[in-house]
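Heads up, the next two complexes both have chain A, just with different partners, chain B and then chain C.
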Partner chain A sequence: MTVPTTVPTRIPGEWHIPYQYTIGTFATAFFDALREQRILGCRCAQCGRVSVPPKSFCEYCFVPIDELVEVGDTGRIEAVTVVTAPFAGSPPVPYVVAYVRLAGATSSICNYVHGVDLGDLDRLPADIAIEAPVRAVFGDKREGRVTDFWFEPVRDRS
Partner chain B sequence: MSPQQPAVLGFGQTRYKTSRADVGTPELIFEAVSRALADADTELTEIDAVVFASAPEVFEGVYEPDRWCVEAFGGVGKPLIRVHTGGATGGSGPLAASRLIAAGLYETVLVVGLQRTSETADAQAVFTTIFDPVYEQDVQLNVITGIALVASRQMKYFGLTEDHMAWVSTKNFGNALRNPYAHLHREITEQEVKQSRSLAYPLRLLHTCPRSDGAAAVVMTSAEKARGKSHAAYVAGLGCAADVYRIGDRIHDDESDFAIPRAQAWAATEAYQEAGITDPRRELDVVEVYAPFANLEIAYYESLGLAPPGRGIDLVETGATAMDGDIPVVPSGGCMTTNPIGATGLIRFGEAAAQVMGRAGDHQVDGARLALATACGGIDQFYTAAVLAAQPA
Partner chain C sequence: MISVNIAGSYCLPPRPDIPMALDEMIYTVTSGALRDAGLGIGDVSGSFMAASDLYDGRAIATMTLTGSTGSFHKNEMRVCNDSLAALTLAAAEVAADAAQAVIVCTWSKLSDANRDAMAALGLEPVFTRGLNAHPDAVVALRRSSDLGRPTLVERTAVESADVAVALILTAPSPERRTRGTVIGLGAANGPYLRPGEPLLGPVTAAATAACKLAGRDVTDLRRARVAGLHAVDDDELARAVGVPRDVLARQSERWADLGYAAGLLAVHESLAAGEPGPALVLSAGGIGYENAHAALVEVA
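Right after this comes the complex of A and B.
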């Protein structure tokens, strides 16, 4: 008997594997501070870099880090996009994601940017352009996750 | 480079489609491997070891696909090495094989690349799982948003416009029309690119790549053994490099900018040094760059030393990287028209080898003697570069 040339069928499958991720004491300190509306970084004693969020070692100097520092709640956008096509698990579109270098930090942290008029999606709104100032804003319900805060454009300087 | 210079004897690839519904996953591999062995005029019994390159197996939905596919790549009874560096996997595979051959550990090595992206409905949901669950997954990053972030800096600081991206897309789709294996065979205009659906500013659908099912395979051996064969390409130089994990740690510093991926430059520099290349723009005849997005191709012109930092757009404006330019980039159409992720880097390597062997068919660059192939993975984190030459060192 020859093999039929009809399109073969598919068999359904799914992966459902729950995890509990161990985050370590530095990330725990970072999330505890978020509950108190503070953003923590770490300072490498050898090179002075202030990394946000904090980590327990410096990849440049390859030495342990033991100092946590609080950074400012304002900063400047360093990379930005407006997501317009939804995917599984994404928030409703359009939404803004940006990397922001907070005052006192030498690295950037990623989060959503709210409070932006996204009426014209053919160009990037000026208040979320790279180098635009933003402020971290905390929600009322804080659960020790990075989404306890978001960024909003700083307008009161203009 | 070394006493045992590695060489490429043959390249085999499957037809690429959104869904290769006609074949199961091992069958897909068998198709590529049997073609590579035929192209290399090599029997399976001559293969001393197999390097299996496949990227996140969440796509296949079967953990350890190397178990499932071992018979399909002829791996039974042979040493098997699995390589995984995300999207760069297909570039790391031939790099590993080359080093094994150069070290004299195995003479003839089969490299197999696989990915089937059609088995799950949402590729970007798979990609969110490659971000750390502590700080980054909650913000729902994925590959498209990650590359859009790169584009935002290219536009702000390095002169990138929608016009440049539209030109790259149109060039690559046009090149794919001459490649019978390419997934997308579709003539597009710059106007269509600019009017295609917005995904994540400034990226549009026609700046990106398809999801492809497919496999590729390459047969490699020592230069000594290659001399007895009717055709071969010679590995003149190799490089690879990893960058830091967090995007926020590499957006810019005194020496680098996220918009000109530095780890690609590190990998290329190593490969050029090994190959004795000092002026890649003039010395290379053709480049098969792993750039799944139009803006990234322009960024890599700079990382790869084909243009000075911030001047990648000049190669667009002068048409230098078109098929009829002085340094054609992705004559095959590249990953913007075919992207079976873990196999994609191996396709770049196989295409570069085919170019210097003069066996690239309708998309052959006339007289190509020196070709560069790259691969990129893990949101601009892992990179490889390989220089293929028509003649042994």
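Right after this comes the complex of A and C.
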């Protein structure tokens, strides 16, 4: 018997696998501090870099770290993008995502930048230029998640 | 310098939907590459494959696809990485004289999958995925850091593709067919996600390492064939590799995501094009192009 030349059948399948990620003591301290409206980093005793979020080891020196430090709630934009393409689970477009180097830190952390006028995408506002100042703003209901805070432009640059 | 013979090559080129089961696709290219090399399955001692459980929907694909990859009762090695990483492992085994002939194969069958649902899973789960931002923002942020200005993530026409590729690597021998010779390999990783280092830093490092291993200067290159990396334009890539722009050959932007198959497809394309002189094949996987590989191939 010959094989009939038809369009092959597709059998549906899905994976539903829940995870509970163990985040370690440094990230736990970071998220606990967010509930108190504080942002923590870690300082490498060898190179002095202050990384946010904190890690229990220095990626540059490859040595353990044991010091947590609180960094400032203001910082400067190190990289920024405006997302105009919708994606499942994302906020309504357009929105701004940025890496911000907070005062006292040597690395940057990613989060949304709210309070930006995105009415004209051909002329993005100076609020989101590289090195523009921003402030971390905390929500009223904090759950110990990265979404407990976001950034907003600091418009008084005096 | 290393010298590993590419004796055969076969490809099911990218299409929106190849109407075959995944193991049929893989068997088609592995058996086709063996035919091209003038060898049979008994002549090879193992199979090296590059695949993603996430992309092909099979947990530990090596166990479910053994028959088609040609590794039944043989040595088998799979990488969850670009297929140039599988080529590197395979070439190392042959160069070390641990094998005389091996299969390298790779595939992607996104027509079976929901690409958007998978893309977000490529993000680090705690700090980054928790934001639910568009995954393409990762490359856009790293480009912003490079360019010193804001970037835009816009909706682009993305077409998922099915593709499969296989090569046969052998130890050099005058009795064996030669389609080309792998003479250099390199790999480099950049920092995950964060800005502050050049987006193409890993690509530069991988290309440099491949040329160094081959004992060749970048000015010797007659072709630099680039897999993927569609967010980067020709001028930036040419600068990063250190070649004139007209040396570059790019894969079609129509296929925005060939998965881990992109690198080996570029090797196959280089062989098929009969490119004169040493051809550098480059790929950079990872959601922010952090993971780069390079292979330097002398096409016969």
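Note that in this section the second predicted complex is superposed on the first by the 150 of 158 C-alpha atoms of A that agree within 3 Å, B and C clash if a C-alpha of one lies under 4 Å from a C-alpha of the other, contacts with A are read in each partner's own complex, and residues count from 1 in each chain.
We take it that a contact is a pair of C-beta atoms (placed from the backbone, for glycine too) under 8 Å apart; a residue touches a chain by one contact, two chains touch by 3 or more.
Keep in mind the model is a prediction, meaning the values are calculated, not measured.
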Touched partner set for A:F87, first chain B, second chain C, both or neither: both
Touched partner set for A:A79, first chain B, second chain C, both or neither: both
First (chain B), second (chain C), both or neither touched by A:G13: both
Contacts on chain A seen with chain B and repeated with chain C across the two complexes: 7-8, 10, 13, 15, 19, 21, 23, 27, 53, 59, 78-85, 87-91, 97, 99, 107-112, 121, 124, 129-130, 145-147
For the chain B and chain A complex, residues of the former touching the latter: 21-22, 58, 61, 121-122, 124-125, 128, 133-136, 138-142, 144-145, 148-153, 156-157, 197-203, 244, 246-249, 251-252, 258
Complex contact set, residues of chain A against chain C: 7-8, 10, 13, 15, 19, 21, 23, 27, 53, 59, 78-91, 95, 97-99, 107-112, 121, 124, 128-130, 145-147
In the complex with chain B, residue positions of chain A that touch it: 7-8, 10, 13, 15, 19, 21, 23, 27, 51-53, 59, 78-85, 87-91, 97, 99, 101, 107-112, 121, 124, 129-131, 145-147
Complex contact set, residues of chain C against chain A: 19-21, 57, 112, 116-117, 119-120, 125-128, 130-137, 140-145, 148-156, 191, 193-196
